[in-house]
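One structure below.
By written order: A, B, C and D. Residues from 1 in each chain.
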Amino acid sequence: MKLFEITAQPLSLDEVARRVVRPDCGAVATFAGVVRGTTATQEGVRGTDFLNYEAYTEMAEALLARIAAEIQGRWPKVVAVSIVHRVGRLEIGESSVVIAVAAPHRGDGCFEACQYAIERLKAIVPIWKEENWADGQVWVEGPRQPELVSHLGVPGAL
Amino acid sequence: MQIRVRLFATLRQQAGWAQQLLDVPAGTTLDGALAAIDSAYPSLAIGRRTFYAAVNQEYAQGEQLLREGDEVALFPPVSGGGAVAE
Amino acid sequence: MKLFEITAQPLSLDEVARRVVRPDCGAVATFAGVVRGTTATQEGVRGTDFLNYEAYTEMAEALLARIAAEIQGRWPKVVAVSIVHRVGRLEIGESSVVIAVAAPHRGDGCFEACQYAIERLKAIVPIWKEENWADGQVWVEGPRQPELVSHLGVPGAL
Amino acid sequence: MQIRVRLFATLRQQAGWAQQLLDVPAGTTLDGALAAIDSAYPSLAIGRRTFYAAVNQEYAQGEQLLREGDEVALFPPVSGGGAVAE
């Protein structure tokens, strides 16, 4: 059972939680990122039809494992971390990502680690989403990450 | 030597392909490969947009030396995780 | 569908998460309290066979609703909270409590609210557990809560 | 007047019952009811242990006045939530 996975299958909190629970664990914190149908903006409520997610699978799974290693360094009492991200077409209300963190006690960092995992995922893991409406679609680009070297295509112009 | 170039998301869509093999001189750096990609595939317009580059699934700096068979991936700022504009 | 429930049925993270997700929600944080089979103590590893949970159901459900109201006051962007606690015999690895908190964005307090809910539940909600080993059993008493008036049975001896 | 007394967990187990009706004078406070419970059910030993009391599903102070039909619950410090010794 993989702890870090890019998959086209629907995600389940229970299934991902089962990947991390061990007999010495009394606490599991999870996070699900869900496809919103409506988003409140300054210009009013915006609707979404569905999303398409694409991943650089090999690199994404390696970076998910790295995030878990970072968590083990920061919260050493955490027993296990699993991060599963879905790709392909996702409808409103479906989960795009599920994170589960298990620890012996609720004060052992499972909440903090779970929050850390989603922040890091959104910053460094090569996954992209394309938003679709009735009349069009656009690839969503996240903010630039100062910690990562970005390129402008012209040698030397980093 | 030959390297494998992979594109994702907008870059893949703009180029119309996801993966190509590219011949570059031995001793080429990532920057050198980016320049070669720019002239081989001008429709990508990588000189006019911000993107990230990875060599063998690791974020890479421009001065990194490439080797035969390396996989060079170009992609836009990532946007995985939750909902739109989360 | 009740948001605050004491039940004898097995708990599911997915099912409780479905109680809180609305079309404007992009983030769901959950917590599961799980029956540990082994507990590390200063005297070594201690084993548990199973637990029995008992609740003062009417009062417990009312207090779970009050905890959710406290959360709405502290994290007004939170859209919905559900807290479900199981009673009866629970085996190792089963969930005794599941909490789900939904919000439009992950930064809207869902993690903090989830953590707050389990802390408050353990402090004020009338539920008790009896730990069972091969050779005995004992009711677990939580710590005294300074915020609650305790009694000693003799009038005036509060 | 009549009140309903409910016990939970250790208290229920020690008493051997979960619910009893109890007659108390009109105008009895919670403290008065606790004293009546103590003499009616000495095996509960509520004078020698810490417990909480609720009137009609609300944590209550000793001076609270009771009314006909009130539900008075006595129980030990709560221990719901997660694992043992969590």
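Here, a contact is a pair of C-beta atoms (placed from the backbone, for glycine too) under 8 Å apart; a residue touches a chain by one contact, two chains touch by 3 or more.
Everything quoted here is computed from the prediction, not taken from an experiment.
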Does B-C or C-D have more contacting C-beta pairs? C-D
Centroid of subunit A to centroid of subunit D, CA atoms only: how many Å? 49
Computed distance of Cα centres, subunit D from subunit C, in Å: 23
Please tell me the distance, in whole Å, between the geometric centres of subunit B and subunit D computed from their C-alpha atoms. 72
Which subunit D residues sit where two or more other chains touch them? 81-84, 86
Which residues does subunit C have that touch at least 2 chains other than itself? 26-27, 33-36, 39, 104, 106, 118
Considering only which chains touch which, how would you classify the arrangement: line, ring, star, complete or other? other
Which of the chains touch, listed as pairs? A-B, A-C, A-D, B-C, C-D
Using the touch definition from the top, list the residues of subunit A that touch subunit C in their complex. 12-14, 17, 21, 23-40, 92-93, 95, 102, 104, 106, 110-111, 114-115, 118
Mind listing the subunit B positions that touch subunit C in their complex? 81-84, 86
Quick check: in the complex, which residue numbers of subunit D touch subunit C? 6, 8-10, 12-13, 29, 31-32, 34-35, 37-38, 44-54, 57-62, 73-86
Subunit C residues touching subunit B - in the complex, by the definition given at the top: 26-27, 104-106
Residue positions on subunit A within touch of subunit B in the complex are 33-36, 39, 41, 48, 51, 53-56, 58-60, 62, 85, 96-97, 118, 121-131, 139-145, 148-156, 158
